[in-house]
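Both complexes below contain chain A, partnered by chain B and then by chain C.
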Partner chain A sequence: MFLPGVLPPAVADSVSTAAFSPGLSLQLHAGAIAPEAAVLIALLTCLLVDLAGEKAASRWVPPLCYAGLGTALVLLALQWDGPQDPAFLGSFLADNLAIAFRAVVAASTLLSLLLSWRYVEQSGTPVGEYAAILLAATLGAMFLCGATDLVSIFISLETLSVSSYLLSGYMKRDARSSEAALKYLLVGSAAAAVFLYGASLLYGLTGGGTSLTEVASALQTSASPVTALALVFVLATVAFKIAAVPFHQWTPDVYEGSPTPVVAFLSVGSKAAGFALALRLLVGCFESFDAQWKLLFTVLAVLSMVLGNVVALAQTSMKRMLAYSSIGQAGFVMIGLVCGTEDGFAAMVLYMAAYLFMNLGAFACIILFSLRTGSDRIADYAGLYQKDPLITLGLSLCLLSLGGIPPMLGFFGKIYLFFAGWADHQYLLVVVGLVTSVVSIYYYISVIKMMVVKEPQEASDVVKAYPEISWNLAGLQPLRAALITCLLATAVGGVLSNPLFTWANSTVAGTPILMHAIG
Partner chain B sequence: MTIASTTQQICFLVLSATLVFGSLGVVLLPNIVYSAFLLGGVFLSVAGLYLMLNASFVAAAQVLVYVGAVNVLILFAIMLVNKQETLAAIPGLLLRRILSGAVCAGLFLLLVRVAFTTDWALPGPTPIGDEATIRIGEHLFSDYLLPFELASVLLLMAMIGAIVLARRDVFSSDVITGEPVDQGLIEKSRTPLLLDTNDQKRPMLENTP
Partner chain C sequence: MLSALLAIPFLGALGLMLWPGELSLEKVRRAALALLLLQLAWSLRLLLLFDPSCGGMQLQESIPWIESLGLEYRLGVDGLSLPLVLVNAGLTLVSAYASTTVTQRPRLYFALLLVISGAVNGAFLSLNLLLFFLFYELELIPLWLLISVWGGARRAYAATKFLIFTAVSGGLILAAFLGLALVTGEADFSLTPVLSGQLGMGTQLVLLGALLVGFGIKIPLVPFHTWLPDAHTEASTPVSVLLAGVLLKLGTYGLLRFCLGLFPEAWAVAAPWLAIWAAVSVLYGSLAAIAQRDMKRMVAYSSVGHMGYVLLAAAAATPVSLLGAEFQMVSHGLISALLFLLVGEVYATTGTRDLDVLRGLLNPERGLPLTGSLMIVGVMASAGLPGMAGFISEFLVFRGSLAAFPVATLASMVGSGLTAVYFLLLVNRVFFGRLAVTPPEPGGPLDIRLPAVPLVRHLPAMVLTLLVVAIGLAPSGLGYLSEQATTAMSQFPALLAAISGKPA
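After this line comes the complex of A and B, so read on.
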């Protein structure tokens, strides 16, 4: 990344004086990464506890993870609107954008872990390592949200990616899981290589600096073809992380082959980190190439919304359907990114928070269903309301919310996105968004119809042989708690969404790069 | 032209030629053992290029890590998995090769054009020679401290993940309930029943767009 001896003397001097001056500990502002430290401590304790055997691990790892992630969330709340000094000599910045997205990532991990315990135990894989790898992925994603230096961005991106590959291949005796991990690894490494190439071009343009502020000021003055090439390379990486069409080919296979709680994390946490990276790189650095990247993202958004929602119609597996639906949902969020107005950014943040609850709620239901029946085929849900009203209610509400039906949280998120797009004259995006929303409502409703409308004698064999509902087993109570939390947030959050709107707006107001872009 | 610059020129040409032809061989040769050995040559010539750029520490690291560890590991893997397997012929292989060749050539032309049309800031900063190692150390413990520490988490996780995936012990039963388990996905793959006629009968992971 950085060749020795190629640094301009001025930078090198400032570095060496900074490195050996007595005030180093003050300059580091290490408090900015306190939430990540909490996650890291939880990770290490999980690994240590795991030494005591599988029984001890399954007893002690869950509370340790809750403690670590809970502390991280509290520390993030304490950082809100705090001082925005660049931490670690410009490697990390805890502005409100970073805090909001880190909170989404940490909350998505917490909820995914709540969904995971029973699934992992029932598949017979070690719990301690599972939690540790998921926490490492969280750590990478959280650092990615606040990283302001190309090297930090790359390392945190790799931490997130490598942990995700490991998690998707975690069910190692299952060929589908191994296939998912292999595909994800190959495509992900190619994307990482492309990012490095783009980053090396940016490094060359700045004349030997890797911090994003230097990159931004170098890009202000240069309009050479190299910049366009770097933009395309960096954009491809971002698009890969948020699974935008045409960089989405890995998504359906990885989602189908990975353990379902991991898919829940990938579809929310990993995506949120990708959007934070997009905001930091595109809005923060490529400001002088506004028109170009907005055009590219318009194309990506239209393709994602159309392809994601249309192909989801034909799916027979629930996980695969949610994979395509998540591609479509990422397309909706991109509308806010393309707008580049205050409302657009706030709508992005709001929709990510809403998406956290509704998507994880849907995943909680399908995990519970597959734990009880061992199936994730949509046809197997036929007649479920007779046997399991909770899953039926939860899945219906979350899917309606994902489709954007009025009283739910998803409706308000989506209407805010479309409103921001319309106000910024992005008519094409808004019209495509509205049409594809209608398409998405069709396939979401057809699942609900499958569960609710079928008569008892039409129920699938799986539902006919449905086991007695019991919550006694260890790990099912956390699952129920997560399910009900998501359900309440999705159902009631829409009506009481004013605090969320305020939160999203103050996220934008407390982020210098976004305020600068708004002008 | 002095002797020094001529020598440098010759070294550069030789290293570049090894690099280009070696990497073409890695990709194009059908025998995987040749590819692996050529890969070692490619890594070595990259190390030579680093040396010519006055980056002796990076060159040493390149030899130690890539040639000493990565390439040897690849060779071990090839030797351990000594399985003769005739792969089924891929339909339309020639067309695919031509297409991918065209894409690669297009990308190459684009990169070359961009490299020549950009006005690079030449000559760059003066090299500091052997002090580079000290400078790298300073960077690692000052402005690159965060990525440096994060890399340790990355390596720890990669190691643990590799152990989890490679170790043999299989819990034969659920720790909580004692039921038999198989370390597979909970969603079992089932052959579609004859009853669901409206179901598309498709393989488990097919390539949909």
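After this line comes the complex of A and C, so read on.
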């Protein structure tokens, strides 16, 4: 259906018109966005198939999405350590950082889609449309990971954001979903406006350039207050995208109201893109303001870890609890960002990959639970071990991994972050991280206590009326496949995590801006 | 060779969980017992392969794991860890043997038991700080589950308290290990002692302090002990056996191996304060034990006191005192396991552990004569009567520490005397006098007739009693096993001073 190397029409056109000036065609390097092209083709085909009616859509959309995202992942693997020429006149760069984060985004979309089919089916919304919007969000997030020009950053950021607003309001008959979409839209637009303002300041400072390399060289020499203002604006956008405290207020409401599979994507894919953006902008451009943004990020990280993990203690809704926990987890990842050492960056990449599996595994379990019972309350999980051992085991292991208990994958990711932080003398961050980890263990373990420790007679009414377990309904098999994949990766991936460490380290080694920052 | 000690319990636990089809309690228990017997046999084989005349690490195994973290799978055994590995194998077996009343979810129960045993083996054997930490944390969740699923009425509270305390202890230990590895600039997390040339004394003391509090929570030392009596009271008898006999030893082992072993110079500076801390812990534990009305809490507080001896011995760090510490760890493991087993037996038969209501259980016809007799031997050993394991270890500890810290040692000796006081109170109330298991009324009728305990159920207690007496009568075997290691450890400061070219 789609062959590697075949380019989307627009790109092919531009290549052929550029044939007259060989210099231009060389500068385009359109092959860099081949993975995105695969996603785009899958998106367009989904829309076309959707025209043929709901029945054809539910038959053909899932394989199309798998094919598109699978091809994208293969193409990304082929790009690894490849030539790093700036594509599209310097607005996109396929360095290893971009490849790693795009892979995390694509994988998170793939897993989220696997979790979605049954959910979408049950809510009676069109499948093709849903998949198309999610793929559009993926496209935006993937472009964002590699964008090296203020204009391409903004466009991909908006592609991601607008699709996310649509997705979070996708259950239009549910008032909470509409509320979530509206909140997200308002706060997101404000953040976008702030970013545009910051970008316009940078545009002025460079004297009319938008490429990040120009911005970086202009910032080397200028130290006016305007630069500081631009830094704050850019930082606010990044903080909004990764949901760092105090730019997190949208998270709990959006997480609670949005369809759960969408939340799964937002919590991993969107966040990964945000961290890639943070690395490109802060490490790549604001190097001369190292001390300032690191201080700001230290504050953000401490606030995120403390507030995210402490407020999560008080939650009664599973999705809200995971929302606050994701804020706390973002705080942990920021430790790596603040370090700015090779280990720090590698630990970020590693933790994002680990987070992909453990968080999506947890979401797979809560989606399955809510599909079977319609409930999302933590108290309703009481006594679940008797009725549904798979959810109990999966959720327990994923939550333990999020809490950083050995020998799960999350333990190795977290210890690497702390290791990197300590090596860079970020004692405050590491100590706060250790303390809040203990706090997080408490609320993760309370869920496990609900499921595992409560005896049958203490089980909740929901669990007492638990339906017979069957995997026959349409869309449940993919969900099970995703759940088991995440579960295996979380449980066994930790012990066998040496390749992951090598991968994270070579991500950093194959990224010029990071190597430059390390010095 | 050593990896088998991890593989047997871990793979066994996995096998128990994944075994297709229904398994009755008896089948699961037998399978677990078979696995644990295999583990014990393997540990004994280790004993034959071990060369006691050599002081260093033996039978080392090493596989690189995650190099960028400095995490290496590196195992080894010496005279300090080998006896503890044996105690672990033996007591887990005893604990599984005593688990006859697990009616709910037996598979999970025995799998968790095996995981704990494997994790403890891993912690004792690992020669890499991060690997130790990994195993130290690994045992946390299974034990939490064992207490919170199969515990008493207030089990949720006790289990959560245990979890939080131990998680904090883990955090402190990790911080100290990271600090040590990165401040010295050699991120290999090996067990190399740090010298004052590499690291200033202030930093050393801070790191040592973090480790001390971390292990102090686990041991437990006053004032970090409050989780222990609660955990013991709510845990079932086999879990108490494991907790007191094996898991507390992780703390004391950490004290010797990591606090003393990694920071010998800072240790020497802190030693006088540590001796005082030890004496306070001993006296507080003993006095608190006197005040208890619950037999299990009393034994739990006696653990607090008796673990203080290990800190005292470690503070003195003479060859004799360190050998005493090793003896104390082994004999406390055996004795406390014995006492918890017997208390559990009394509770199972009478339904109460209250010292105010139990009377005269030693009654030969209607009481629990065998339990009572074994209990008397157990408390005699615990109070350190000659001919028992407790005597040897306390004698060595006090003999080794007296010269260095006379006041603290004398205070600890008083604590040892108090042991006799509270255990005599216990034995006198519960076992002597007229049989009764309800609050005594003047002129009331004779109390019920207690069912006889079958002899097989007393098998582990009798084996433990025999071991306690055997170590007491012939301590040279264990001494021979550990002497080289403990002597080498006591000479660390002098050796280091010689290396760094300063007078000791």
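Quick notes on this structure:
The rule we apply is simple: the second predicted complex is superposed on the first by the 497 of 519 C-alpha atoms of A that agree within 3 Å, B and C clash if a C-alpha of one lies under 4 Å from a C-alpha of the other, contacts with A are read in each partner's own complex, and residues count from 1 in each chain.
What we mean here is this: a residue touches a chain if its C-beta (ideal position, glycine included) is under 8 Å from a C-beta of that chain, and two chains touch if they have at least 3 such contacts.
Bear in mind the structure is a predicted one, so any value in this text is a computation, not a measurement.
By the touch criterion defined above, A:Leu400 lies against chain C but remains apart from chain B after alignment on the C-alpha atoms of chain A. Of the two partner chains placed by the overlay, only chain C lies in contact with A:Ala423; chain B stays clear of it.
Counting residues of chain A touched by each partner, chain B versus chain C, the larger count belongs to B. Touch criterion met: A:Ile415 reaches chain C, while chain B stays clear of it.
Shared-chain residue A:Val452: touches chain C; no touch with chain B. When the two complexes are overlaid on their common chain A, residue A:Val492 makes contact with neither chain B nor chain C. Legend: residue contacts after superposition of the two complexes on their common chain; A:Glu121 is shown touching chain B, with no touch to chain C. Once the two complexes are overlaid on the shared chain, A:Leu295 sits clear of chain B and of chain C alike. Residue contacts after overlaying the shared chain place A:Lys172 against chain B, while chain C stays out of touching range. In the superposition on chain A, no contact is made by A:Ala190 with either chain B or chain C. Common to the chain B and chain C interfaces on chain A is no residue. By the touch rule above, chain A contacts chain C in their complex via residues 343, 346, 400, 405-407, 411-412, 415-416, 418-419, 422-423, 430-431, 434-435, 437-438, 441-442, 445, 449, 452-453, 455, 497-498, 501, 505. Put simply, chain B touches chain A in their complex at residues 53-55, 57-58, 110-111, 113-115, 117-121, 124-129, 131-133, 135-136, 138-139, 141-147, 150-151, 153-154, 156-158, 160-161, 164-165, 170-177, 179, 181-190, 193, 195-196, 199-200, 202, 204-205, 207-209.
For chain A in complex with chain B, the residues that touch the partner chain are 2-9, 12, 15-16, 18-19, 24, 28, 33, 40, 43, 47, 54-55, 58, 87-92, 119, 121-127, 129, 132-133, 136, 139-140, 143, 149, 151-152, 154-156, 158-159, 162-163, 165-166, 169-174, 176-177, 179-180, 204, 207-208, 224-226, 229, 249, 252-253, 256-257, 259-260, 307, 311, 314, 316, 319, 370-371, 374-377, 379, 461, 473-475.
Taken together, the chain C residues at the contact with chain A in this complex read 65-70, 104, 130, 134-135, 137-138, 140-141, 144-145, 148-149, 156, 160, 163-164, 167-168, 171, 174-175, 178-179, 182, 187.
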